[in-house]
């Protein structure tokens, strides 16, 4: 599947915190740094996520803000 | 200002495409790779964005998805 | 690519309105009804979107609201 | 109330999974297929949601992505 | 229509900037201050928005961040 | 840090409901009325949020909808 979301950063799962409905997934980016995602618990199961698994952190560009010091 | 959005990746502006209402900002990340943001034209002006400027790409974690091959 | 976004509805492009930065894509759903997406102009080009093309409308579940009469 | 969000798909509640803060609502669309929403537990109570209730799944168009095979 | 989005702030349209696809709507809140919305041009037409019109600025709670000095 | 998100409304924390992954923060706006945010539990801890604390409710303009009666 090819997706319109422009931001697809490769990395691997560094940590998982699974709640009743949602789950927090910390993705350690191949390029260094981290991205934190909040997805549904069901999606964690569907994708078979576990610490160390190769993943992509995906973000639609309209959801990205810019900041300056 | 300290923000709840967990994802704040340092980089610099690589490209700007400004429309009537919105603008596309390509951020070259310090760690390598890029993030594309769509913000308002007004925000580009407010922040004084220009190619080469040091910025942060900021994303709320509920807006980050995860994908696997 | 398998994505955490739970909502992936098949359909085809019914209409396209392309601006300077963003583009509006009307997707006629196979199940009837429509979904309107606003993505970047660049994404329209990357995906080769045109009227009649088979696509999926994809939405992260945290972005879906519920309403009642 | 008439809302700017362009996507308002009729259906009924198929399943509910309520957590401490958020809740997952599976909406079976009248046109076939499903949409999964994550809203707050409080909203589930405010709207009196229960399995079988007629609802609309509502999505702002800037939150809809497009994908192709 | 009763909506799950918890944030519905009354105000009136202070300014409109309409582009090819999207439009910026500045809402002067009854309680003081402003909220800026970016919706589609089509939605501006559908809702008959014009400066001075009574409106509500509506935001899903998962889209609201918190900041501290 | 100066942020592209145009909506930054001052207020103070009125209520907190913390779950396993996410937390609901009710912000009483200085201008009257409330905004409800859903952020991660970790962000509540990082920002040291507690009832009565001075905060800003921050929203990207692409996430704001408009409604009319």
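The first chain written gets the first letter, and so on, giving A, B, C, D, E and F; residue counts start at 1 in each chain.
The rule is simple: contacts are C-beta pairs under 8 Å (C-beta built on N, C-alpha and C of every residue); 3 or more make two chains touch, one makes a residue touch a chain.
To keep track of the chains, here are their UniProt names: A, B, C, D, E, F = TOBE domain-containing protein.
Everything numeric here is computed off the predicted structure, so don't read it as measured data.
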Graph separation of chain A and chain F (steps between touching chains): 1
Repeat of interface D-E, chosen from E-F, A-C or A-F - more than half of residue-number contact pairs shared: A-C
Type of chain E:chain F copy interface by residue overlap (half), same or different: same
Centre distance in Å when chain A and chain B are each reduced to the mean of their C-alpha atoms: 17
Inter-centroid spacing, chain E versus chain A (mean Cα positions, whole Å): 29
Two or more partner chains touched - positions in chain C: 1-6, 19-22, 24, 36-40, 42-43, 47, 56, 58, 60-63, 65-69
Residues of chain B defined as touching chain E within the complex: 1-5, 19-22, 40, 42, 60, 62
Complex contact set, residues of chain D against chain A: 17-20, 22-24, 36, 38, 62-63, 65-69
Chain E partner contacts - residues on chain F that touch it in the complex: 3, 5-9, 24-25, 27, 29-39, 43, 47-49, 53-69
